[in-house]
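Two complexes, one shared chain (subunit A), two partners (subunit B, subunit C).
For the complex of A and B:
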């Protein structure tokens, strides 16, 4: 492992890529702690401490997680990658609904580039919306809940300061998007996921320390042991795949012989990755956001109260059930988007490949679909159960809502980590044949 | 002074957003995020893209300096 790492650093272009990625990460973290001009940092810090000790801290848990603690500091990169993720989700869902987008997606590379461009525009739009919402909340003192009403978060209440802040945060989101693309383009791994990974890792040690301080050494040790087992389990399932054998027929093209090889199609148990979890939690975050926006109106609304009661925190039965069902649904949805059995079968037929014992064409597509559906069933249940873990931990061990080995953060850490290591390895293998994973 | 820097910040922010949007999107969206195999690298970047990169970096530095200057000026 270590020798592989030194070898990675000894390879000139890989070293350049790794250092480039690290540099971007440093810039990204720097922007995440740099406060937006106009924020009273002293008061913001006090209000954050007050909010963390109260019940309300769980409301922003998800956003706080994705922004690495930057959001409640109201830093320049406060919005983090949330707008980009939301925009991607919206466009992914819209490709099913709007025929034009579907046509674009079928066009291949050019069409996908167009969709990416739309995603980028939408990201900026969402960034304007969200930054306005957050600055407005901060101005009226509701960002940290009711407990910290007396401390003004902004230095100056006039509209000009507010506009400057909104514009700065929007530009910050654009910069994050660019940084992510730079990593994808010139660094190692996928930029956006590496940035999410960074933010989660950044809050990780402080959350562990919180447990240590609040619950004592015994609970801390147990949490660590459980966490390590969970990481092992997640790695195990993430690597699990079913290999469907494919035999290619021999054929002559001119004087050369092609094919005649046997390979396999790897179908992962969890083909969808962690996207379903992100989809589901971003969706479930919406009612909470609505409640925060409407909660201060004087007359009590039945709907608002019901939402606040059932979706306000993550440990109500209705919330848990909805979360679980949404994850299962999105797993199937996302697998159906990313893996199209008919297309795969057609491609195989075109190049003279077939699955032994099954006729090419429609029967192959049906077979692939059958296997994939059955394979996704445990995959989706696994995703759902893993994301339930923090809630179980809440009831069993009395841990906090922001349990550091929470399902989402563990899935993201392991998923992105594995992916990045695999990519480094494939680059290493271009030079010599030993990588990290044997 | 404060107002001048604020206006500079707004202008550089707007320019920054514009420049980033002018780039060709290489993020690839969510599709190849998290376990989507290997992102294919598209060769070297074109001259336009390289100049755009340079402009974006310069704007970014100006933007960053503006933020820090304004933050220091507005310190309570």
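For the complex of A and C:
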């Protein structure tokens, strides 16, 4: 990986792309720490510290993770890329429901360009909504939860300040969207992924510093060792794949210079990626939210109490077991949705492909299904275990709530990292070959 | 005056928004110089033009020279077009506006700047016609002009390329380059360093043709198709033994079909990949390739028909055994089969030119593609006289039979008035069946298709006369100039153009319409469409058209929308094929360029001998003692060149294999194009190692007294082209959405 990077820096056009991407990241980070006009930064910082040490921090942990700490700083880029991601998900779902959008999508690039345009408009719409909500919360002092102190976060309560803040944050979102597209077009990697990656990485130094300050050098070292070991493990498993050879019998071929087959279906051990973890953790936030809603009401309720006890924080055995089982379930579910053996077998059949020794059509689908099911078992266990690590680490080492090497962060980080390195490698060309021909 | 909306369009770089106001001012200034130019001698005009190419003086001078030598005085709009091309744009000019002359003036401009110009056209007929037509003008400008056709010899080609301006078909230029890249003797190359490309029918050349790379293939063995396979698949029936996919691009055996084939051959089919290939090829030839649509049989040979031009593609053959399978199907003797020696995309070919410009009647529609693939902008030139042609909305019918009846009725009724009619059909078979139908109704249509392309010029010359009835394929759809025969014809309403179906691209429709209404002439165009047309069946298999009215026509707006929608899907699919062709050949073309650097040093220098001397010093010395330094160097050069070319062929074969199955990587959430490029690097390293290994082995076994061809180093020859396939799976998300969508609609897929 490092050799790929150094070689990339020696290739002029790739170096340009890498520097361009780094430049965009710098701008992105700058905007993430630049406060929106009208915010009392001193008070906001104090309120944030107070909120982090309070009970409800786990919800904020998730929010902070995806905004790289920008949201609660009420910075220009406070909303991050979530509005854009939400907008694209919504529009993609809408293409299924609205015939007009489906028709556009079918028309190829010209149609997709229009859908992209709609996505941008929707992003702006969502950004207006979200920024208004956040500014309103900040204005009423509720942004940092009920336990927040009475420090005013805004310098000024008048409507002008509020409008300026909303406009600034919305414009910030538009700029982020643009930065992302710039990276995709002219830099390396997928812009959106790179920006998420940046946000996740961005909180690492301060989180690690916190551990070092609060728990001392020994815990810090343990955390680092565990973290690096985990990253290595994730990189290893993410690359693992079962290759099913496929032959395309549509062309007569002569003699061949290269041995081995390069035509295969790569079935990954972790065929589902990160989605199951996100599904499972989102689902587990629901009981926590319910608890916060009902906790204030006077009458006590057996169900609410039981939920509060077992799902209120992440370190109860029942929570952990549920989390693990949900991940396993969602892994199977997601794999079954994204990999349809019948469709794959059908496609292979149409294009003249077959697995040697196996008939195209149903026998092929059955074979693929068999291999896939056996592969998904270790895959789902792996996802479950990786996601449990921060919770274990939390209880065992007594680290802070915001253990930086959380399962989700590592999976995203490694995923984006591997994809980007692969893309860089694909653009690398042999520059100076020393040998027979000079 | 540029309106505000135009300025915004220009700012957004929308296609067709190049600012032509400066050119218009220059041309207006040239108008004032006309009197002065009239009194000058040719010599003085030449000096006036050469002094400052692109200025008002230049315009006035070339206009005067064209007037004197060709008898045609360029209109202002033609000069504006010339200037836009000299600035490196693609110019959109309506049919009949005199693109050829505008292009010639631009070519002369580039030549006066000291550049050699390649005027690239879509076929040999146009290349030769334009070169000969414009020759007096070029001669008067002291410029030389030449043309190249498929039949030109190497000697003629070299002479044509040495001219200031060379007219040639794009594939001829491409093949000359490919052949030069395989030359084993510096004297044998024909093409000089490229400088300026002036592309006629730019959308056709730069977009339509660019979907398929130009491929130089070499004959190796006689065709390997087994006639028994052709006989076997002839017994199979569609729907039971085999099926076609929705778009009619692929054919596959059903389980029943597999059983039948297995019992006929007495083997378990899928344990024998070679046999599967033979069966698939025979099936492909049997079910997907239709005689007189995809190919014609002439002089005992199978000849491909180019779908977007309607012409016989002389140099094209199907790849990898398919040609032989078709020959077996037609019970012809198998011709040589071969492998790909080298290939280049139209992009790769044209981006070698430091300066590109072009002209066509339909550029705005492909403006995005031109910008994406060639960084070219489009300038729209208004017609000299406004076009008054009436374009009727499509006449849509539910079934093919309804359409054909209505079409024949309309032709009979219109023909009775004496008005000339040009009917554009989609393929050779359709043109012939329509002509037969018309003959049965007592008419005498003239047919123009790939089978009688020799009479093309004569047929076109008469197509605008009173009472002319011409049935053509796409051949008449582009570049041809149909003049109205007499003033009487104009009174009848001018040329009537009837399309028997919408093409897969709106540009092809517009080009066909454009045969009528040239230079402000009257004219009319109409397309007949049915719900059973291939375009609708292939791209909108699930949609049905609204109900027809009493007279059999469908007038519902939804129907017109669906026809346009199907066409836009087809255009999208074709753009995607183009993009994939480009993306998947870019890395190969880069490697090819690098390898050619080595090759040039071997061909023009002694790099081959040096490499072998360093690798095998004793052997080298031994051979020099046997004969002479020069003889060994010459042999070494030929050995290394042979293995370099041979290994490159293997390299291309490996990538063809890789390309075919690379879309499967998407199933492991990997990006196919990245995976493809990642495999390219180690393969290139292996290629270089292999060249070394094989060259030294040949050198060790070298016998200087015998010809190299007898020592296993025999070179192949012959040429044809092929098409690549696309990625059908889409991303994770696409697959989720597809599942959700099919679940919502309760439709069962696959």
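The rule is simple: the second predicted complex is superposed on the first by the 294 of 438 C-alpha atoms of A that agree within 3 Å, B and C clash if a C-alpha of one lies under 4 Å from a C-alpha of the other, contacts with A are read in each partner's own complex, and residues count from 1 in each chain.
Operating definition for what follows: contacts are C-beta pairs under 8 Å (C-beta built on N, C-alpha and C of every residue); 3 or more make two chains touch, one makes a residue touch a chain.
Quantities reported herein were computed from a predicted structural model and do not represent experimental measurements.
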Touched partner set for A:241, first subunit B, second subunit C, both or neither: second
First (subunit B), second (subunit C), both or neither touched by A:5: neither
Subunit B versus subunit C as contact partner of A:303, first or second or both or neither: neither
Touched partner set for A:92, first subunit B, second subunit C, both or neither: both
Touching partner for A:103 - first (subunit B), second (subunit C), both, neither: second
Subunit B versus subunit C as contact partner of A:184, first or second or both or neither: first
Touched partner set for A:273, first subunit B, second subunit C, both or neither: both
First, second, both or neither for A:423, with subunit B first and subunit C second: both
First, second, both or neither for A:115, with subunit B first and subunit C second: first
Footprint overlap on subunit A, where subunit B in one structure and subunit C in the other make contact: 92, 268, 273, 338, 419, 423, 426
For the subunit A and subunit B complex, residues of the former touching the latter: 34-38, 40, 42, 76, 84-85, 88-89, 91-92, 112-113, 115-117, 119-121, 124, 155-156, 160-161, 163-164, 167-168, 170-171, 174-175, 177-178, 180-181, 184-185, 190-193, 238, 268, 273-275, 338, 412, 415-416, 418-419, 423, 426
Touch list for subunit C against partner subunit A, complex: 220, 224, 245, 250, 252-255, 258, 269-271, 273, 276-277, 280-281, 284, 319-322, 337, 339, 368, 565, 568-569, 571-573, 575-576, 579, 587, 590-591, 594, 598, 602, 607, 611, 615, 647, 650-651, 653-654, 656-658, 660-662, 664-665, 667-671, 673-679, 681, 683-692, 695, 725, 728-729, 732-733, 735-737, 739-741, 744, 749-750
Subunit A contact footprint on subunit B (complex, rising order): 3, 6, 9-10, 12-14, 16-17, 20-21, 23-36, 38-39, 41, 45, 56, 60, 63, 67-68, 70-71, 73-74, 76
Residues of subunit A defined as touching subunit C within the complex: 92-93, 95-97, 102-103, 106-111, 241, 246-258, 262-268, 271, 273, 337-340, 342-344, 346-347, 349-354, 356-362, 419, 422-423, 425-430, 433, 435-438
